[in-house]
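What follows is a short report on a single structure.
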Amino acid sequence: MNGESVVFWVSGTFAIVGALGMVASKKAVHSALWVAFAMINIAVLYFALEAPFLGTTQIIVYTGAIMMLFLFVLMIVGVDSSDSLLETIKGQRLLAGLFALTFGGVVVASISSTLASPSAGLAYANAGYGGHMQAIAGLVFGTYLFAFEVLSALLITAALGAMVLAHNERWSPRKTQDQMQRERTLSNHVTPLPAPGVLARNNSVDTPALLPDGTTSIESLPTAFRGEGQVTKAAEIDEAAK
Amino acid sequence: MIAALIGLPLLGATVLLLGGRRTNVWGHFLAVAMSGASFVLGAFLFIQMAGKSEEEREVGQHLFDWISVGAFQVPFGLHLDQLSIVFVLLITGVGTLIHIYSIGYMEHDPNRRRFFAYLNLFVAAMLLLVLADNYFLLYVGWEGVGLASYLLISYYQQKPSAATAGKKAFIVNRVGDVGLSLAIILMFVTFGTVTFEGVNAAAEASSPNTITWIGLALLLAACGKSAQFPLQSWLLDAMEGPTPVSALIHAATMVTAGVYLIVRAHAIFDLSETARTAVVIVGAITLLLGAFIGTAKDDIKKGLAGSTMSQIGYMVLAAGLGPVGYVFAIFHLLTHGMFKAGLFLGAGSVMHGMHDDVNMRHYGALRTMMKITYATFGLGFLAIIGVPPFAGFWSKDEIIHAAFSQSLIIGMATLIGAGVTAFYMTRMMTMTFFGEARWEDDVHPHESPAVMTIPMIILAFGSVFGGMAMLFVGDIEHWLEPITGFAKPEHSVSNTVLIPITLAVVFGGALFAWLRYGRRPVPVIAPSNVSFLTRAARADAYGDALNESVFMRPGQYLTRSLTWFDSKAIDGLVSGLAAAIGGLSARARRLQNGYVRSYALTMLGGAVLIALVLLLVRL
Amino acid sequence: MNPNNYLILAAILFTIGVYGVLVRRNAIIVFMSVELMLNAANLAFVAAARNTGTLDGLVVAFFVMVVAAAEVVVGLAIIVTIFRTRRSASIDEASLMKY
């Protein structure tokens, strides 16, 4: 067993574990971490496959940029919220498993049945350009220049698109302090809203306040945390209060 | 010239139908004028024809080529010969008299213009029927008179019974018309032509079987139009129409079209013994059946209708006898046209005086109140029962004479028919004009105006002298011989023996009726405890019941079961298919559940399938 | 070592990604599964490139990463937008386009 084999078996196993962990995690944050783990292992495999540039890029772009983007979005959506793993579409999970297994089985079977030629290695190809990085650069800025330029256009478009989509249009003029004061005075809650709950077990802004009469107050939460399925802690707090 | 015969009444009908209300005032005079002009023209043509030698008497007039499709050539041609001209005279002559009579009879009818338009239409159609020179054009006239008959029977369209009677006549006539169309189709297929000339020439060379079938189809047509058994049931109901219509259409002219058809197609019947026998049997049955129905009717018009059936039965029977009978069929047709029209007009006159009551049990002792009607009706009565020297005697006696030459049974049938005729006519006569008055309370019988009585008087003259005039002055046997052929009956009972026997039977029938209805008082309400035969006769010999049970009910069942089959099986199949597809679609629609994951699963399923196929193909 | 092993590994990772797409309801996790599938494909490209001794597979894998980055940017923006209006990131709730 040579070095490459060791790397393959170790990192390969880790990658699969990471992938399975992503699928099986209840919380999206955990999934993100698992998938980052799998991607780092894939990057290691790239190194083993004589592609250090891609391995580096994998770490920088995927684990460094894309996965962080995921985490940012998760923070907006709600870090703590966990999915119910209970299937709601009848037969979906069974059929998905069946199809996925069949598909994987067929692909794996067809790959295994192919007689593998011994690996050619990249040394010769790299030598033609005088080094690995020079070779990649030569291809990207030479043979594939047009595709590269199109990709740059795609990236700019995507960036603009993301800005347009995520931009929150203001439909009404911003309220002045005077207006807000009037609204508060005229509403049936003249005093300031209660602060989020702070208990021994929970110390965060997504915990509703426990009012003197023993109920929790949804109004103590910032609007971002008042959404459906977000205020899951009310029952826990009710219990803790007893 | 010939076309003008048809054209004048047709013009009258067109003007009256399209002219609208402004023709109300003078419309009926126009109709009379048109009919009368046609009669004058017909008389002129008749005199012209009589002046010619025998070979030159047939004249034709080709108007235009009507249908010209490949081998099917139908000219629109008219044809006037010795047979047509007598019909022309009968139709226009009696027709004009009845037009005049109708002026009085329909005086108070708000729709008088329509009535006269239909009468003119009828005259035009009937003339077309007898003047056509081919069967196809004859068919047009045939349908034209059927239409006019339908329109006039249901003339009182506000009465449901009249509307129904019109429909009944129309439908029963359709059955007969199928026979005529079949005959025409067979003629064209067999002979390649439908002109009288062509058919007569080609008939000889054709197979006897085909000829027989053509003859039977023509007989069916004649049965429908002439109310012969088994298509007789419509004629009695046709009495729902106004009485002048009954006189003109359902006694004198249209119903005799069947006889005309048979005589016109004599070339066919001469060649087929079977067809002739069928004609004779139909005639014999109808003559007895009609007379039988006539004996029990209390409705004066229905009694006369039964009599008409019976008399046409005589004519059909005579026509079925072949060359010995054709001439006498036409002869009887002409005399019958006169005396029966007279009788019907007399009946109309009586009804006119009796507030349109048709029940003879409400009449009685009218001879003093309506002298002219009594006299003309009486002369018609003497003519129909066959008292010499009145018109009916000459024609009927010749038919009985010819019938005995055919077979004893047929001869006896005609003889019995003569006796029964005498019975029911005497019954009618005594119940109407003799005995004590049985009038309803507010009825004051009075004589009809001159416009009605004059036509009756003219027709009564015809009833008295018509037979003798035609036989001795007109020499009808030789007049018609070139067209129909003529043969002296052989092996028959001698006339010197037959006439006394016939007269004895006739007087016996009349005496019996006198004893039953003249000597004894007639009950105002028809007695109900009567024999089965009387009940049968009152019910038109169960003709309607038979039609209903044999054709109508099974037809209704068939229709109902077909409807059921259609709605359950056919519609069930169709809507079942639709429901199945709809149901499947409703289920398939569930696949479109909006879940992206489901769609992705489907895509994966497809990918798996493709991968599997690729793998299998490669292996 | 048999070069096919890399391909088999890629296939397994891809299958897990497919399964993740099909069974997870959180749009973000579905997205991660898609990323995993892209990574599996990349792995296959790189392995094949070394096997054949050419560099084009590496360039393609590089491009795939760029496209994936673009896709993630837009996709996450869409998720954020949906979340903002529906207060939920479950893809099952965005199921209005149905029968």
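Read from first to last, the chains carry the letters A, B and C; within each, the first residue is number 1.
We take it that contacts are C-beta pairs under 8 Å (C-beta built on N, C-alpha and C of every residue); 3 or more make two chains touch, one makes a residue touch a chain.
What you are looking at is a predicted structure, and each value in this text was computed from that prediction instead of being measured.
*Asks:* Testing understanding: with touching defined as stated, what is the shape of the graph linking the protein chains, line, ring, star, complete or other?
*Replies:* complete
*Asks:* By count of C-beta pairs in contact, what is the leading chain pair?
*Replies:* Most contacting pair of chains: A-C.
*Asks:* Roughly how far is subunit A from subunit C, centre to centre by C-alpha average, rounded to an integer in Å?
*Replies:* 11
*Asks:* Need the CA-centroid distance for the pair subunit A / subunit B, whole Å please.
*Replies:* Centre separation, subunit A to subunit B: 100 Å.
*Asks:* With chain centres defined as C-alpha means, what is the inter-centre distance between subunit B and subunit C in Å?
*Replies:* Distance between chain centres, rounded to whole Å: 95 Å.
*Asks:* Which parts of subunit A, given as residue numbers and ranges, touch two or more other chains?
*Replies:* Each of 89, 92, 96, 99-100, 103, 107 in subunit A touches at least two other chains.
*Asks:* In subunit C, what residues contact two or more other chains?
*Replies:* Residues 18, 22-23, 25, 92 of subunit C touch two or more partner chains.
*Asks:* So which stretches of subunit B touch two or more other chains?
*Replies:* Within subunit B, residues 593, 595, 597, 601, 604 contact more than one other chain.
*Asks:* Which stretch or stretches of subunit B touch subunit C in the complex?
*Replies:* On the subunit B side, the touching residues are 589-590, 592-597, 600-601, 604.
*Asks:* Mind pulling up the subunit C residues that touch subunit A in the complex?
*Replies:* On the subunit C side, the touching residues are 1-9, 11-20, 22-26, 28-29, 31-33, 35-36, 39, 42-43, 46-47, 49-56, 58-59, 61-63, 65-74, 76-81, 83-84, 87-90, 92.
*Asks:* Touching residues of subunit B toward subunit A in the complex: what are they?
*Replies:* Against subunit A, subunit B makes touches at 593, 595, 597-598, 601, 604-605, 607-608, 611-612, 614-615, 618.
*Asks:* For subunit A, which residues count as touching subunit B in their complex?
*Replies:* 89, 92, 95-96, 99-100, 102-103, 106-107, 109-110
*Asks:* Enumerate the contact residues on subunit C facing subunit B in the complex.
*Replies:* 18, 21-23, 25, 91-92, 94-99
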